[in-house]
Amino acid sequence: MNAKAEKIRVASIDPSYYQAVTDAIRTEAVKLLSEEAVVAVVGYLPGRRIGTAVPGLVTTPEQAQQLIFSPACVNNLSLYLTKAKKGVLKKGKVAIIAKGCDLRALAGLMGESQVKKEDIYTIGIACAGVFGANSDRKGGLTEASIARKCRECTVHQPEGVDLLVGTLPELPQLTALEAQELARLEALTPEERWAYWKEQFSKCIRCLACRQVCPFCYCEQCLCDKNRPQALESSPRPAGNTAWHIVRAMHLAGRCGGCAECERVCPMDIPLNLLNRRMAMELKELYDYEASMVPQEKGPLTRYQEDDDQSFIK
Amino acid sequence: MSLLITETNLRSLVDALVKGATLVVGPKHSGSVVLYQPLAAGSDLTLDELPRRSAKELYFPVCEDILTFKRENGKLEVRDIDRSRFPETVLIGAPPCDAGSPSILDAVFSWDYNDEFFLERRRKSTIVGIACTKGDDACFCTAVGLAPDAKAGSDLFLTPLLGGSFRCEPVTEKGQALIDKHAGLFSEGAAGEPVAFADQSTGKLDLPKIKEWLNGHFEDPLWESIADICVGCAACAFICPACHCFDINDEGNPDNGTRRKHWDACGFSKFTNHASGHNPRDIQNKRYRNRIMHKFKYYDDKFGKTLCTGCGRCIRACPVGIDIAEILDTINKKAQQG
Amino acid sequence: MSRIGVFVCHCGENISRTVDVERVAKEAGDIPGVAFSCDYKYMCSDPGQNLLKKAVADNNLDGVLVAACSPRMHEKTFRKAASAAGLNPYLCEMGNIREHCSWVHEDREEATAKASDIVKLMVERVKKGKSLAPITVPVTKKALVIGGGIAGIQAALDIADAGHQVVMVEREPSIGGHMAQLSETFPTLDCSQCIMTPKMVDVANHPNITLYTFAEIEKVEGYIGNFQVTVRKKARSVDESKCTGCGVCMTKCPKKKIPNEFDQGHGMRTAIYVPFPQAVPNTPVIDRQNCTMFQSGKCGVCQKVCGPGAVDFEQQDTLIVEPVGAIVVATGFKLYSIERQPEDSPIQGYGEFGYGTIPDIIDGMTFERLASASGPTGGKILRPSDGKEPKQVVFIQCVGSRAREKGISYCSKVCCMYTAKHTMLYHHKVHDGQAYVFYMDARTPGKGYDEFWRRAVEEEEAVYIRGMVSRMYQRGDKIVVMGSDTLVGVQVEIEADLVVMATAVQAQDGADLLAQKLGISYDKYNFYSEAHAKLKPVECATAGIYLAGACQGPKDIPDTVSQASAAAAKVMTLFAKDQLERDPVVAKVNEKYCVGCLACKKVCPYGAVEEREIRDRQGNLVKVVASVNPGVCGGCGTCQATCPSKSVELDGYTDEQIMAMIEAL
Amino acid sequence: MTPGKKNFLNYSYYPGCSLHASGREYDISTQALFKALNLGLKEVPDWFCCGATPAHNVDELLSLSLCAKNLSLADQVEGDLAVACAACFSRLKTTQHHLKEDDTKRQQVETAIAGPASLGKPVKHILEILARDFGLARLEESVKKPLLGLKVAAYYGCLLTRPPEVPELDDCEDPSIMEDILRALGAEPVKWSHRMECCGANFTLSRPGVVLKLSNAILKSAQEAGADCIMVACPLCHGNLDIRQESINKYGTPEGSLMGNIFGSDYIPGSEDGPRREMPIFYVTQLAALAMGVPTDKLGLESVIVDPRPLLNEKDLL
Amino acid sequence: MHAEKLQHDFEPKIVAFVCTWCTYAGADLAGTSRMQYPANVRVLKFPCTGRIDPVFILRAFQKGADGVLVSGCHPGDCHYMAGNFHARRRFAAFRALLGFVGVDLERLQFSWVSAAEGGKWVEVVTELTEKVRAMGPMKEFKALEDEEQWSGALNTPELREAFESIT
């Protein structure tokens, strides 16, 4: 395959699309801040290194001029509303930049009473995709550098936002690597799958970056930090790590919005989103539930139907 | 004339050491990541990528048992770990930013209390460092006083040469002993041109000035703005070659269990949380301040060393892109301005 | 370190035959934290219990495990004994080594090992146990009865007769409900109003009953024993305290041609009216939609003629707050209107029957009014279109009921009997008339019911055709009824003068809204759900709320009255004590760690979880947390299993206890 | 129509055997109507008989396979599948319904047709297209010559709405879609009793007596309700109601109640002075096309048995 | 009927999480009816299956269970109306998750056993015990329990020996 063919088409229309989105975000942010419609805008600022961006909370129209959107804008900013920047919401309405996948998290947080719709102003981005973890960012967004989640994204176009920015460029069809990997694992025997995950989990050092970036891990006391009783070993040993990742996947089942931030930030490259994807698949199949960009009153594990499947119960 | 070793012989050296019941630890592929791991053979050794985790875990493991206890017949029996049986170890293939860290940490582990777990492992290990050729825009070792070819901390130092072999320079007696024991694998010859070092985008920092600024700015708006986006994970600390905070906890039950020591990090909200529920570092910016202060002021105050090797791992790994090199640069500028 | 006592029971030989009880007791003694262990022949005997009490005192025990039979058998016994010994009863547990061990295993070695394990597990549970105090809830001894039909009236009178205050709320201007509309009742054919009206008067005159008619439930807060009910008393436009019920206003009201709801629209009433002559209270109400005064501001005749000056055009709705301890829901039913239903309705209509377009197709309740001596025809069976006496009447059963394809699959229960009754009433009044009945099955369980039905068929000459009707249409002044006779296998066509359809019994309009206010559950047909189909047929899942009558499902009068009395009995049981004592196995929220995701609220089957705002001393909102009302919590623990951070915990089954047991496996 | 003008909607089209034979007028008028309404209609290539109405009584697998194959052929043409014949419509919808519900059957059928059963394509009756897709309001707007004064008995027959779970066209026993269309066209639908009764189509050949009797009941009911004509949406209904009038008039049928076993009373010789039936039967598309101003020679009005032209003349609609 | 007692090489540890109202009572009934079943099962009583946290199941496996049985009231019979409905969904999801990480789901059995189904209790327990006995010990979690990160591991034979000989 020649190098040109490998570059996906978003790369070729790169500059104008990203510039247009950036401009639209700046215009709106400046307007919102100068009209005092919001007290802050949670968005992205350029990073020092090439191809990086960092989350930022801007409070003045001048700062808002720095906001950007590029394929480096990987973060799901909604976590700042429940965790790091929870306090800001008390000061007034906050605007937040959200890609489709982030929006599902926002909707989930609304369903779980963590964020009120009226407290935020959502600027949705028609998103063509972002960089994957550890990818080469020098050549723009290419098939090689695009995040795995973006390859099979179904939420390029946000819904139910206060303002939608950007016009989606034509998107190429990419092979669904994650779905393939999921299928590959499903086809293994239980022993083989156990061996696979054992290797993955034994790399874990419990830096808890997965937990800390997850918009849904907003518990004040994580089960894994609790020691009376100790439900999970807190030491980073294979046994405790396995239990930790199983429990986390279970706690996210029916809540996860699929932003795959946990997987992106894992310094040990553990494919955590596979667990979340697998649970989402199961809940879709069993209860026809899917994470959505609009808030839902109850998740699949907080409601039931009398005729739910019970073929697994004797 | 220099002492040289070919890549083949370097791998043979690993094989020979392994056969001699020495634990050889070096960069090795594990799935998509490279980690310092015990090598089963020379062929495991991989030198083309900086390992994700630093080499500190050879001396200061992610998690280790420090004692076990069991209540029998109403009496609690405590069993300690026999450290005299720790194996002889060779750490091989560590770039200066990793090879240099254990010697920085020696100070703290042999200060008011001698951590025999750390020290015994240090005594029994030899570090074969290697000059770095793979830096990127996150690296800043030169800014903190190291260099891609710094030999500090290494017992034996290798420099990759164009053409595939390495120039060998014994730094300590341990290093010399290693050469002597396996003399057949080394040869004398004319050293060719070394492989070029990677450029580093961060310029030199004035560490004493920075420290001076830190001395006077325990309270400063800077901390707030830095920690603004920190999510409070431990990715930076856990992969850092110099961070060495740990926690001790008992697992099992009061009648039968193990006491374990494992990594802790100032990023966690439970860090320095008191039993009363009070936490002197109750918010993220105090915790992040501690990270900078500890590395560039407290450690220097106590031990005269900087607790950072500029490996850039924390910059690459930070989920939200916090860039310590940029922060240091900012402080540097503030310090220069006075 | 705990000081736990372990008592291993032989149960005569029931346990000791297969379990080496001495060994179990000895091994128990070696468990850390066990300060005393012994075995005894019969722990449940008086000497056994005394042994336990003495051991607690002598050894200063802080927990007790009795390894014996099933806790379902003797847990209360031993907890009482422990309590007598000064120990909190919840620190006494039982290990089941009989039903779960000695009786089901024969191998002595295996059974003994298992018994030891059971003791070990349960000791861990006792170690982590907490003292619990029973929850007491004060009880307001006043009941609310929603609905003034026969169910509500019966329940209200029973409760009031027992000496408790009752508040009755009725949506219509008069109590009486559907029973007051009926002509005669099966299976005795006694006059409905003759038995109903005295009860209505009793309600009005009862010193313990406060009656609010023309009123609805606005809001319900609180929980068992402590509800706060807000009642909206709609503006009647007549001051009840002044009105003497003389009726002059009604005779003088110029608007006289308003179809009377009580007569199913077949009689006429005035704009100021009482629904029927025996109404209770006998205070008129102004129908503002039809009143000239309200519509055009000109008239006011009633006000002018009213001697006591009771007519008040300015009257407003009033809200009354009543504290009550128990609620009886008796909102009754409505009849299915078989006209075409809206597109989104799950119930499909019967447009093919022409109901609503052919005037002589009526429903059962209209027939009741036609047959009633107090009805619009004075008890003569005359058809609505031209007032002629119908000579051929077709009755159709199961219209809407048992028709899955039309959206209702249940049986309405009363139609077989009342249709039989209708054929008789018809035959008694129109001797030369012929009644046909289309039916699927004749279901007549009940005392004297089948005899009654057979009488209709055998003596009263009703022709029963087994089959359903497919279509009806008007031909001249006849209604052509096309149907099938499935017993003979032919299609039939009858030219009828009048068709009476036994339409399905449905939940009242707004039943779902009321249920939401009350926090009780309802099925897909909006009938209210009882807590248990067999064992708690009167209780709602929500404590303190009880069901009576057809609001729970189709019922005839005897069943309704029985259930109403049963509901009243439940209320009286609740009111028998000043305080309600509840098992302390309830969930508690750890407000420090709760982040208010309210997953617990979403799964709580009892609606026991509420939101609670936590504010600092300045009154600023710190956060919103979940809060469990111990009076309402049923103790299932679903909340805890759902809570990700385990910030809600079920007392008696804490994670600490369970984890300790798992640890000891 | 301007060439190259984009169609409002495009449909694939399954005419079915009748429309290419005895019900040619239905085909002609459907094509004409769609053209007039700017609706694209493209015939499915190589379609064949759907097997209605006998196949499913004889061999279920055969009947399902015939339709499944036709459905997969229809996939080659873009647009929802438009069907004019009520029987074809019923069979195609039934097939989709059964195969979606029953995996085993689907596999059997897929073996039989040597390919995947395509169940995704919406199958739509002409009535549905007019009333829903095109829309009543738009239909009303498009009328050029309202059918004022024409009293029409809308006849649904048995298949269009039944069984309730299959066609999803309208209320199963009390539909209104035909009346809605008639009102949009300016005609006056009459209220009558027999719009859902069977015309006896299945017995056309085997027991014509039954057909005479049933069809007569329908015609009589329409006549008594004051209708000028009957509108149908099925070639089989049309056949029975149109062709049988002659026989009814010739032989007559017993009057009065239908009570008694109609299946036993086969052929009943009538008398000369029996009731006369002279009731034009229209296809929905004929009336709609007429209202849209399609030239009357493109409606197939001339090829039916009971000539509708005198009626239309009388109402000044030609 | 006294079946001949068979000796087995491996006796699995079976843990049963049961609700108090239905299955616990069903097991009581099996006892009062003197039915016989393998003695491998250890019963933990809960108010309701709704209270059973998936973590308990995981923990049981970690702490040495070779098989886990979760049993409660039939749908519609729940003493708390809906606890088992919620549990059913939770377990369906958890089961899928365990299966995905490679736990052999044959070791995890869910059942509805009412207070009247003493026989079913015996059947379910016997079947699971025999199945798990044939499968052999649940090695995965136990093996994991002994594993360390390499740096904390005492992974040479000498070190292992040294650890064992600690005084």
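Letters are used for the chains, namely A, B, C, D and E, taken in the order the chains are written, and counting of residues starts over at 1 for each.
FYI, contacts are C-beta pairs under 8 Å (C-beta built on N, C-alpha and C of every residue); 3 or more make two chains touch, one makes a residue touch a chain.
Remember, it's a predicted structure, so these values are computed and weren't measured experimentally.
By the document's definition of touch, common neighbours of chain B and chain C comprise A, E. Connectivity note: excluding chain C, the chains that remain group by touching as A, B, E | D.
Looking at chain A and chain D, the chains that touch each of them are C.
Among the remaining chains, the Cα-based centre furthest from that of chain D is the centre of B.
Chain pairs C-D and A-E differ in how many C-beta pairs they share in contact, with the greater number at A-E. Among the other chains, B has the CA centre that is most remote from the centre of chain C. Centrality annotation: A (chain centre taken as mean Cα position, compared with the mean over all protein Cα atoms).
The geometric centre of chain D is 63 Å away from that of chain E, both derived from CA atoms. As a whole-number value, the distance joining the C-alpha centres of chain A and chain C reads 46 Å. Between the Cα centres of chain C and chain E there is a gap of 39 Å.
Inter-chain spacing, taken between the CA centroids of chain B and chain E, is 44 Å. Contact with two or more other chains is made by residues 54, 59, 82, 86, 90, 148-149, 152 of chain E. In chain B, the residues that reach two or more other chains under the touch definition are 62-63. With touch defined as above, residues shared between interfaces to two or more other chains in chain C number as follows: 603, 642, 655, 658-660, 663. Of all possible chain pairs, the ones that touch are A-B, A-C, A-E, B-C, B-E, C-D, C-E. Interface of chain E with chain A (complex): residues 54-55, 58-59, 62, 75-76, 82, 85-86, 88-105, 109-112, 124, 140-141, 144-145, 147-149, 152. Partner chain D is touched in their complex by these residues of chain C: 340, 348-352, 357, 405, 470-471, 473-475, 480, 482, 489-493, 495. Residues 32, 660, 663 of chain C touch chain B in their complex.
On the side of chain D, the complex with chain C involves touching residues 164, 171-174, 191-193, 196-197, 221, 224, 257-262. Chain A meets chain C in the complex at residues 90, 112-114, 218-223, 226, 228-231, 251, 298-299, 301-303.
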